[in-house]
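First chain written, first letter: the chains are A, B, C and D, and each begins at residue 1.
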Amino acid sequence: MEKVMTAVDAVNRVKRGSTVMIGGFLGVGAPQQLLAVLAKQMINELTIICCAADYPHNGVGRLISAGLVKRAILSHSGTNLEIEARAAAGEIEVEFIPQGTLAERIRAAGMGLGGILVTAGLGTAIEKGKRTIEVDGNSFLLEKPLKADVALIKAARGDHAGNLVYHGAARNFNPLMATAADLVIAEVAELVPVGEINPDQVMTPAIFVDIIVQTTGIEGGIK
Amino acid sequence: MKNDNRARREYIARRVAQELKDGDVVNLGIGIPTMVANFVPPEITVIFHSENGFVGIGPSPQVGEEDPDIINAGGQPVTILPGGAFFDSTVAFGIIRGGHLDIAVLGALEVDAQGNLANWAIPGRSGPGMGGAMDLVSGAKRVIVATEHTTKDGRPKIVERCSLPLTGGQIVDLIVSDLGVLEVTPAGLLLKELRPGVTIDELQAKTAAEIRDKP
Amino acid sequence: MKNDNRARREYIARRVAQELKDGDVVNLGIGIPTMVANFVPPEITVIFHSENGFVGIGPSPQVGEEDPDIINAGGQPVTILPGGAFFDSTVAFGIIRGGHLDIAVLGALEVDAQGNLANWAIPGRSGPGMGGAMDLVSGAKRVIVATEHTTKDGRPKIVERCSLPLTGGQIVDLIVSDLGVLEVTPAGLLLKELRPGVTIDELQAKTAAEIRDKP
Amino acid sequence: MEKVMTAVDAVNRVKRGSTVMIGGFLGVGAPQQLLAVLAKQMINELTIICCAADYPHNGVGRLISAGLVKRAILSHSGTNLEIEARAAAGEIEVEFIPQGTLAERIRAAGMGLGGILVTAGLGTAIEKGKRTIEVDGNSFLLEKPLKADVALIKAARGDHAGNLVYHGAARNFNPLMATAADLVIAEVAELVPVGEINPDQVMTPAIFVDIIVQTTGIEGGIK
């Protein structure tokens, strides 16, 4: 079960029209090489699930600028005017979800919860279409799990089995998305033999990861 | 004029910093809230929380010493202090949602006398989106709005009832502006403090909601 | 007699092991299920999951080499293989609940023709409690019951309808006993295989539910 | 804000009648010294929340054998006949919760969720008194958050600020309980200066921990 392959071979597993989760926060922790290759392969009609729209030529912005995205589920787009322009033109449908709710909905899918109850968004427009559940006299929104066909994630270090370790604030959504997609493709800056990562320090266990790609250089500049 | 602008923003940041207590875990939003970190009283220790995944935000790094994986929620390079910790986004927001965040300081497009806050949707634009703001205002133990009292063209930002889409309903505890400090109470806005040189008449004139000066 | 007992248990464990596929993530319950690990076909790699917090259970440690912090869910000292990982109990059960566990192998007090399983509450006792069994049977992609066909005093454990408190309703996929292998189908129990030397009449006589031998 | 103190000073913060969460799985990862001291101090009428009843003189069994427990919320008691005897005698009220649900309910309290939807226990006796919620045609049990007055947890390593690192299968419920109690007391085998634990490797951030006790020797044998 060798999981290591090239970025092109990995990205070619993504199908047109797929729902794709993408890690990172304003590009930090984004799988830049996978995204650059995906943008080049022109696999389009994608629904993306991500924290933010990042920047026009950094993070998920690479897919947006390449015109591959038909729908974006995210918490913030303010750093990328490109997505706003495309949304205004009716080219991209945008759905905003509070960032903490987004994280927890992805986790719920990965950890097999049927839903979670949160207060974020109560009394706001995002209540629309959602059930309100009372528990012991308090109101909560019922939020459903959010899963994807593919997750594209990034780790600082990975072994050949797929165990991953993140660094700094680049962890963000990556370990959550690793649990919540049918196909999980992890880009790793450093690839090490199995057994080199202390089992206590693994942040994403290998059983969640299907494909590993080592970063060999990123096409296109960052930000 | 520019100096005046800077003095007004510094007053807000300095005044918010006086609300912090030793040991507080605090999240600062983008803009004026970020400046609060510069005015923490030296006798207390405050732990700053970054919703992109860590506690213990330290000062900006020296040029050339930036770690590209360590940014704050606004995208600027920062550092992490000894004793800080990184974690994933569920923990970042679990800290907020679970009652472990003492204070959230946010900016506002509008804030009203019921403690409603609008700061995420701009009419006519698809974005920018709420980011972590809805989670912050519904989860933090105390929500402080740090804002200039009026918009650039002089319209009140503090109103009787928000007209923009809400970030949260009845969640603001305190409003600190360049004219003074207002507490949100069940009976409406209560004056806590005027910025030196500001009169209550000026404050009231620039506010589109009634301000009481006695509880 | 003792040898016979051992042979019967080994048959069960060996037969369950044949159900495993390369790359499967598998959780083994206490008792006969634990023995399955000894019979994994050499041409495949299976990853064993321990609900107390890791994947990659390795063989028992040498005496004197035990790490007191590495035990299996039954409390025995074990090891972790290279490539394994430790995590907390929410991840341990998230793996089960989230559809990441291919097979759970459990023992039974009773199992019935509808795929109901009872293995946690003993009448007249307050315990022992379900531990992780309810999560395992409701979360694993496939649930295999590995059990002796009858109780020590010869009563059938495979029944038309469980009388003991259930661990889960309609969750068993396959039953492997010392008499053979039964599949739970919407139409009831279907014979997949008889242990060599066992007749279908003997199997049926020792089972308190109807067994079909054709789909 | 010095958080380090002796086991006796720490344990004396526990009040008679409190609800106390206790980490560990069959004693592994249990705060053995805190439990030994608590048993000696005879602070009683406790409600305990724990994974299992451990053994009569190991883990939470220390409290049960000392007669300090009036109610136990746990997933398994089969390794400790002492609790079964006391339950039969009407001395301890026992409530069983599926282990994964127990973990997730504690996390829900710590992470501020109003509830979670699970399938464990559907069609069984533990449905009793719980709401069933349908989501997209599937049934789930609504499980509520579970919190405590005090959490007694154990880590392999901690710093003076309260950052914790666990080892092996001793992690189990400890990091969850660290988030879900008003007062969190952590016993650490090794105590190190602030700054010695890599911020990437912290498993429980210091902000969750109120009191740190360094293990100085455990009274009473293990198992």
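By our rule, a residue touches a chain if its C-beta (ideal position, glycine included) is under 8 Å from a C-beta of that chain, and two chains touch if they have at least 3 such contacts.
Note that this is a predicted model, so its numbers are computed, not measured.
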State the smallest step count from chain B to chain C, taking one step as a move to a touching chain. 2
Common touching chains of chain D and chain B: A
Return the chain whose centre of C-alpha atoms lies at maximal distance from the corresponding centre of chain B. C
Distance between chain A and chain B based on Cα centroids, please, to the nearest Å. 28
What is the distance in Å between the mean C-alpha positions of chain A and chain C? 36
Would you mind pulling out the distance in Å between where the CA atoms of chain A average out and where those of chain D do? 33
Provide the list of chain B residues touching at least two other chains, using ranges where the numbers run on. 54, 80, 86-87, 90, 93-94, 96-97, 139
Two or more other chains in contact with one residue: find those residues in chain A. 104, 111-113, 118-119, 166-168, 199-200
Going by the touch definition at the top, which pairs of chains touch each other? A-B, A-C, A-D, B-D, C-D
Complex interface listing, chain C residues touching chain A: 22-23, 25, 45, 47, 49, 54-56, 80, 82-87, 90-91, 93-100, 139
Mind pulling up the chain B residues that touch chain A in the complex? 50-54, 67-71, 73, 75, 80, 86-90, 92-94, 96-97, 116, 120-121, 125-135, 138-139, 165-170
Show which residues of chain D lie in contact with chain A when the two form their complex. 104, 108, 111-119, 133, 135-136, 138, 140, 142, 144, 165-168, 199-201
Taking the complex as given, what residues does chain A use to touch chain B? 25-26, 28-29, 51-53, 74-79, 83-84, 87-88, 94, 96, 98-104, 107, 118-126, 156, 166-176
In the complex of these two chains, what residues of chain A are touching chain C? 1, 109-113, 159, 161, 163, 179-180, 194-195, 199-200, 202, 205-208
